[in-house]
Amino acid sequence: MSTRTPETVTEHTFYLNLGPQHPSTHGVLRLFVKLDGEYVMEVDPIIGYGHRGHEKMAESHFYEQFLPNTPRMDYLSGMLFNHAYVAAVEKMTGIKPPPRAEYIRVVCAELNRVASHLMWLGAYLMDLGGVTPFFYAFDDRENILDILDRVSGSRLTYNYCRFGGVARDVDDTFIGATRDFIKRLRGRWKDYNNLVTKNVIFIHRTRDVGVIDKDIALRFGCTGPVLRAAGVPYDVRRVEPYSVYSELDFEIPTGVNGDALDRYMIRLREMEQSLRIIEQALDRLPGGPIRTPTPNKVRPPKGDYYFAAESARGALGYYIVSDGSEYPYRLKVRVPSYGNLQTLTEVLPGTLVADTICILGSIDIVVPEIDR
Amino acid sequence: MSLEDLKKELEEIVEPSSVHTRDYDRNGCLLEIRAERSRLLSIAQAARDAGFFLEFITAVDFTEGPIAVYQFNECNAVSRIQVKVQLARGESLPSIGRVYDAALWYEREVFDLFGIRFDNHPDLRRLLLPEDADFHPLLKEYGKVHAFRSAREIYVDQDA
Amino acid sequence: MAVKKIAPGPRVHLAVLEEVLNLCRANSLWPMTFGLACCAIEMMATGASRFDLDRFGAAVFRPSPRQSDLMIVAGTISKKMAPTIVTLWEQMPAPKWCMAMGNCAISGGPFEFEGQYAIVPGADLLVPVDVYVPGCPPRPEGLIQGFLSLEDKITKGEKRNVIRRFKKRAGRNR
Amino acid sequence: MNAAWHYLVGTLGPDLARIILGLVGILVLVQLNAVFLVWLERKVAGHIQARLGPMEVGPHGILQTIVDGIKLVSKELITPRHVDRKLFVLAPIVVFLPAMVGLVVIPFSRHLQVRDLNVGLLLIFAFSSFNVLAILMGGWAANNKYSLMGAIRSVAQNVAYEIPLLLTVVSVLLWSDSLRMSSIVNSQAQVWNVVWMPVAALIFMICATAETNRAPFDIPEAESELVGGFHTEYSGMRFALFFLAEYSNIFIEAAVATTLFFGGWRGPLLPGVVWFFLKTYALIFVVMWVRWTFPRLRFDQLMNFCWKILIPAALIHLVVYAGILELVK
């Protein structure tokens, strides 16, 4: 635990700020690290540099006005956050979106999950010093952005879902482009494996590095690939199936010893599972309307509600307390990276500085998501 | 240790009347417990032994005083428990940092945004706002909010 | 804060030399890797293969402020981050420019509401901004247009940015 | 050309003329080569990463490095107050000197060599260890935690990788019996050393990459860990000197590798100089190719790799090769 008792400073330990502006802290996270030479003695992640006050904003905005905020919290899996918020409000108000809208939402959400994992792959390899995979991963990611841009109008911060359905319908070029993309990405696994997975330096840099086992994950409340790498198959899409995930079959890849290499392998396999989900969803895409008529200002009944979903980084949840008016009384977003980042205080002491960056990259955090 | 065993154990800690089962489809959680602040540590310990993990700690500000909301969940089955503690204005809470390490940051965040102090928390300082901030933003008096209600208006079905 | 002795301006002002130097400065803007939020991802996408910034000689993302001459404020500036931005700006060597990328850096963007306690509404309250690139996040093409307009600003006008118009391609640089 | 040469010899005497022409040649070569290599690196990196690299500045971005250079010249030289001023200013100069001296003894072709010392190879390796000294001075003087860590790492790395480098060179000397560079090239008249000693050539190339702090051994200026490594605090032309010194060192290591293992300027049809530059730039392309495909080694892995694998391999190779030589001679 990060106790800050000022004990006598032995001469060769010094404090280093892997500060808010650092090439590989994925945004504005500051790791206040106490170093003994190259070895990390104690780390105190200082966050808040990306805090924008989302929850305070929710209390003075309608439910509809909060929609654009959701993709800006975790801008790498914006569609997943958007989908979860809309599904939460629909559950509160009892609005039933048409099946076509549900399938479109699942397709776009899974595409966004693949894009988020690709972005992570590029950034993670760059943290380890290999620059080229970043460009290949971004090359594939641009295809997804084109597909989602065509239907939602934006590349990163998708405001595509509405209460009761989606904003625009999906046409054949979208479906055709998605199928081509799936074929193309499946062809690229061979390149990624040759360039990264079979790369001996990569394996040595990530095997048995930053081991997060079941007990640490339980104590810190980690979810997502970090928890699945420890061998626990916890995926909200499987445990609490929402939307149409119950009708689609996909596996939950789990790792064995929870080190950085396992987290890498899990994310690759998760991308493959997402492609399978997209294919099934596209095959079963029903016709019909894309949105049920809903009142302009949604007024959910009184009481508090919790809705859990699976974002690219773990279990995401919206805890909404409604007082019957069109403004949420309190809106708390349970964010997966919050618990994942905390494990650093337990896992990092004793590792080298190079490993610190490797572990930080392997748990895949997005800072404005943690700071909200 | 499934949900029923934990439920029985919790009923010994807290008198049975304050353990309400909630319908999952509407509220997203199966069990809701209205606990006293003194019972909190034992509830957390019971959940920890049952293999639950801490999903989040937050607070909701009401006219009588903030309600602290603790939520626990299990990995392999849907078994979400919410623990609500009604606090008077300015009252503090015992820290469950010893039981769940995740609680350390959640408690610091609740202190930062709501001003609720947690006693014997090893390192209670602001988490999100700059160190020299002197206000707690998520309190309803701060800034413009739509409404500032009492807990009884919202939790109509249970006796608040 | 190390107070820097500001050297007096150049006594001799050679117009032609100044023009050549500006031309070279315009065509090799080294930005600093400094992403705050969503716009950082679009900045990376601009540096990636499809919208390659390296074509304009500007994709050498220097990590340390000492070697970079363009600070792109990409994302929301929180009050906790403001002193860091000012320090970074002062650490950069002299001919330096600042580009406010995204609505948050221009005016607080989608997070500017009554009762906002956490963000600085606009980078120009902290550092002198040369080019504003609107968008939330701005598309990579928008960022590249920001780069080109900054280059034109440095060489004081489109016609004098001679190197980049080396190839007379029809219908370009309107 | 001939008249100018005779006029120069007439006035200054043959020896002095050769030195002056040689030194001027070296200065021009170092500058031109550094400019070309930086451009080549950005283009090679671009095409490896499925993008174009500099295109706008001149046809295919040829002027890009010159533009970068002029921009860096006109940048403000910040000397932070808390810095050890003398060392801080001296470091970039000291890092650039050995890059020049090494070119004096390299035989570009049969008679295109500034000074054919009989201890040529020794001179090159003696001066190439200056590089470490300069990086340490730069890192220490900058009084910045990141540059201090970068400097200490670079000392440990270069000291470690100097040993296997020299061991492989010794096995070449056994064959050529002299440190004179031209005699090394002559000893490879029939068959190039790389055919005889592929392992030595491989170890030499690995250590050369490590010596010049190129990925996957670029621990001292590891961008993702130590922000800027040892040149975090340097700005303007001082940083440019570090930058150019790195590329000149690569050129020297590649030139030495060509002379030692790939038969220097020997080649069937084309004149000697063309063969020499062809081989050197081929090796430099390989070094660049390696840089853009491998992630970075961790610091302790780097050390273990050198002390536990490279040095024993070089020693065994030396003993085995000496034995073979005994039988052959």
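Going by the order they are written in, the chains are A, B, C and D; count residues from 1 in each one.
FYI, a contact is a pair of C-beta atoms (placed from the backbone, for glycine too) under 8 Å apart; a residue touches a chain by one contact, two chains touch by 3 or more.
Computed from a prediction, not measured in an experiment: that's the story for all the values here.
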Chain closest to the middle, measuring from C-alpha centroids that were averaged per chain: A
Chain pair with the higher count of C-beta pairs in contact (A-D, B-C): A-D
Rounded Å distance, subunit B centre to subunit D centre (Cα mean): 63
Chain centre separation (subunit A, subunit D; CA means) in Å: 44
Whole-Å separation of chain centres (CA-atom averages), subunit A against subunit B: 25
Sites on subunit C at which at least two other chains make contact: 48-50, 63, 80, 114-118
Contacts with two or more other chains, residues of subunit D listed in rising order: 49-51, 223, 227
Subunit B: positions in contact with at least two other chains: 128-130, 137, 142-145
Listing of all chain pairs that touch each other, if any do: A-B, A-C, A-D, B-C, C-D
Subunit A-facing residues of subunit D, complex: 45, 48-51, 145, 149, 215-216, 218, 222-227, 292-301
Complex contact set, residues of subunit A against subunit B: 1-4, 47-48, 51, 53, 55-56, 59-60, 91, 217-221, 227, 232-234, 239-240, 302-308, 315, 317, 319, 321-323, 325, 327, 329-330, 332, 334, 338-339, 342, 345-346, 371-372
For the subunit C and subunit A complex, residues of the former touching the latter: 32-38, 40-42, 44-45, 48-50, 63, 65, 75-76, 78, 80-81, 84, 88, 110-111, 113-119, 136-137, 139
Subunit D partner contacts - residues on subunit A that touch it in the complex: 14, 16, 22-24, 38, 125-132, 134-136, 139, 195, 199, 201-202, 204-205, 352-355, 357
Subunit B residues within the subunit C interface of the complex: 128-130, 135, 137, 142-145
